[in-house]
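There are two complexes below, and they share chain A, which is joined by chain B in the first and by chain C in the second.
Right, the complex of A and B next:
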């Protein structure tokens, strides 16, 4: 499974992006997006923002689960209280999807299984905590791009831990 | 012995508490605003923080003496250092910096801060200069300078390392310049 994670600010402006791959089931943590898909990911993810606006009032939860699907790309969203969106695009690798069903509930293969939902929720929760810490820095202003290398490391760590 | 007495004094003195995040955010805002006002001239920001601290220190010493019940004068500079670290910092910031690196003449020492309540969440601006020029907690130097001046000690205080800059420790160097003698008021003629 390959992941593309982005934080989108209140003006629908990107604040942070990070690309990684699964570390579960022997994954090496590298994403397997094709060069073309890399450019497309940003569009796919941002085009889901309309859906976010539709579903954000329905559940009352911060975690909105999988909200959109574009071919083999699944978009999960976590909405912070301050209307900043944490968005995760996950793309199961073609090989894994066609492989044995033994692992079908595992995080890396089935993007809509409860296990995957839970893993992504944990990932979002941890990133959210770190996001709050990052914006508490006095030198950060609302809707400013997050450049902190510490934050990037922590996102990477959360990705390794849960996805 | 003096050291344990100082610790006890620091523990016993009860102070009203205030939310730590309030302190972090208030101080952070001051520093960030100074950086903005002086166009990221960090040398000037350090100076301004020191000056603010100095003005706080001049008045804070009165509060310190009133609350800590230290009626006796410190016999030497070592004792002063103990009182600063274990009583002063304890009652005002609820931390106890470690005193180390005394020079042999007993006039210079370092305070090493294991934790710094001002610096939670803080990351210095990533402009390539702040990491080398800004002393984020410089207000503390001013406070010590101001407070000690009011009790007849002229000192010089500055930070020599800060974890925010990527150093391993946060360390402040304090040097005694002289004891200020009671000066006679200038005569009229």
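Right, the complex of A and C next:
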């Protein structure tokens, strides 16, 4: 499973991007996107913002689960209170998709199973906590890009821990 | 958190230009949930706030301009507090405000308790049918005005415009764009009881009411 994570600001502007692979089931934490898919990922992820805007008023939950699917790409979304979106694109690998009947509950194989939902929720919750710390900085203004290397580390650690 | 060691080494290699505190603690190492003992002394706040007011007072053309500047100082605070207060909510009740009432309750209870250690005194909806978009948050004696005596010639001024800015920031952040202004109403009828009574008038944009009606239907 490969992941592309982005934080999208209130003006639909990207604040932070990070790409990683699964660390479960012996994964090495490296993403397996092709060079073409990398460009497509950004497009796919941002195109699902329309759906986010529809879904966000139907439920006050922060975690909106999988909101969109584009071929083998699944988009999960987490709305912060300040209307900034944490978006995660997850793409099960082709091999894993074939083996989905055997261990369909394990994280990283079946993108819509409750286990995966829970894992992604934990990931988002941890990133959100760090995001709130980032905006607590008096020098941070709304919709500023997050450049802190510490924040990037924290996101990477959350990815390793849960996904 | 467990793998800070290797991470730190990576930082020093990549970002030699960045400076870190000698103990290695950044804002990311501090806990978000420390609400009980984090109170500040009122006198130091009053000192800082008086500096803020006199800073805003430089180069202003009038009282409205001054209130606008105070409002602008509060706005980013509100934007940030919105996220902070929501993360401090217990996980079960952690929901984004979807309606005006939910948002105003968050402001009246959570925001006021966080800032001033008590809830706001009253929440009212405008009884005038022409202005259904106006809501009022009433504070009988705003903490920010505790040590401020407004000169007679500036009697319209209410320095709680700063708090109004915080409220406005919270509304804007939650996608309820609004104009919030602070008005002194003490000294009229029950004025003897609360001479500093202040009303925060929240006027939402028309699209907020439109959406509210749609959500109510659905």
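Please note the rule applied: the second predicted complex is superposed on the first by the 162 of 163 C-alpha atoms of A that agree within 3 Å, B and C clash if a C-alpha of one lies under 4 Å from a C-alpha of the other, contacts with A are read in each partner's own complex, and residues count from 1 in each chain.
Following the convention adopted for this analysis, a residue touches a chain if its C-beta (ideal position, glycine included) is under 8 Å from a C-beta of that chain, and two chains touch if they have at least 3 such contacts.
Just so you know, these numbers come straight off a predicted model, no measurement behind them.
Student: Following the superposition defined at the top, how do chain B and chain C come out on chain A, clash or fit?
Tutor: clash
Student: So in the superposed three-chain picture, is A:122 touching just chain B, just chain C, both, or none of them (first/second/both/neither)?
Tutor: Touch partners of A:122: none, neither chain B nor chain C.
Student: Looking at A:150 after the superposition, I want to know if it touches chain B, chain C, both of them or none. Which is it: first, second, both, neither?
Tutor: both
Student: Which partner, chain B or chain C, touches the larger number of chain A residues?
Tutor: C
Student: Is A:136 touching the first partner chain B, the second partner chain C, both, or neither of them?
Tutor: both
Student: Can A:61 be said to touch chain B (first), chain C (second), both, or neither?
Tutor: second
Student: Regarding the shared-chain residue A:113, is it in contact with chain B (first), chain C (second), both, or neither?
Tutor: neither
Student: Counting contacts the way the document defines them, which residues of chain A are shared by the two interfaces, the one with chain B and the one with chain C?
Tutor: Of chain A, residues 133-134, 136-137, 148, 150 contact chain B in one complex and chain C in the other.
Student: In the complex formed with chain C, which residues of chain A make contact?
Tutor: Residues of chain A touching chain C: 56-58, 60-62, 79-83, 128-137, 141-142, 148-151, 153-154, 157, 160.
Student: Hey, which residues of chain A end up touching chain B in the complex?
Tutor: It comes out as residues 133-134, 136-140, 147-148, 150.
Student: Which bits of chain C are touching chain A when the two form their complex?
Tutor: Spelled out, the residues of chain C in touch with chain A are 1-4, 7, 10-11, 14-15, 18, 26-28, 30, 32, 76, 79-80, 82-87, 94-98, 102, 173-175, 211, 215, 218.
Student: In their complex, what parts of chain B are in touch with chain A?
Tutor: 21, 24-25, 27-29, 31-32, 35, 120-126
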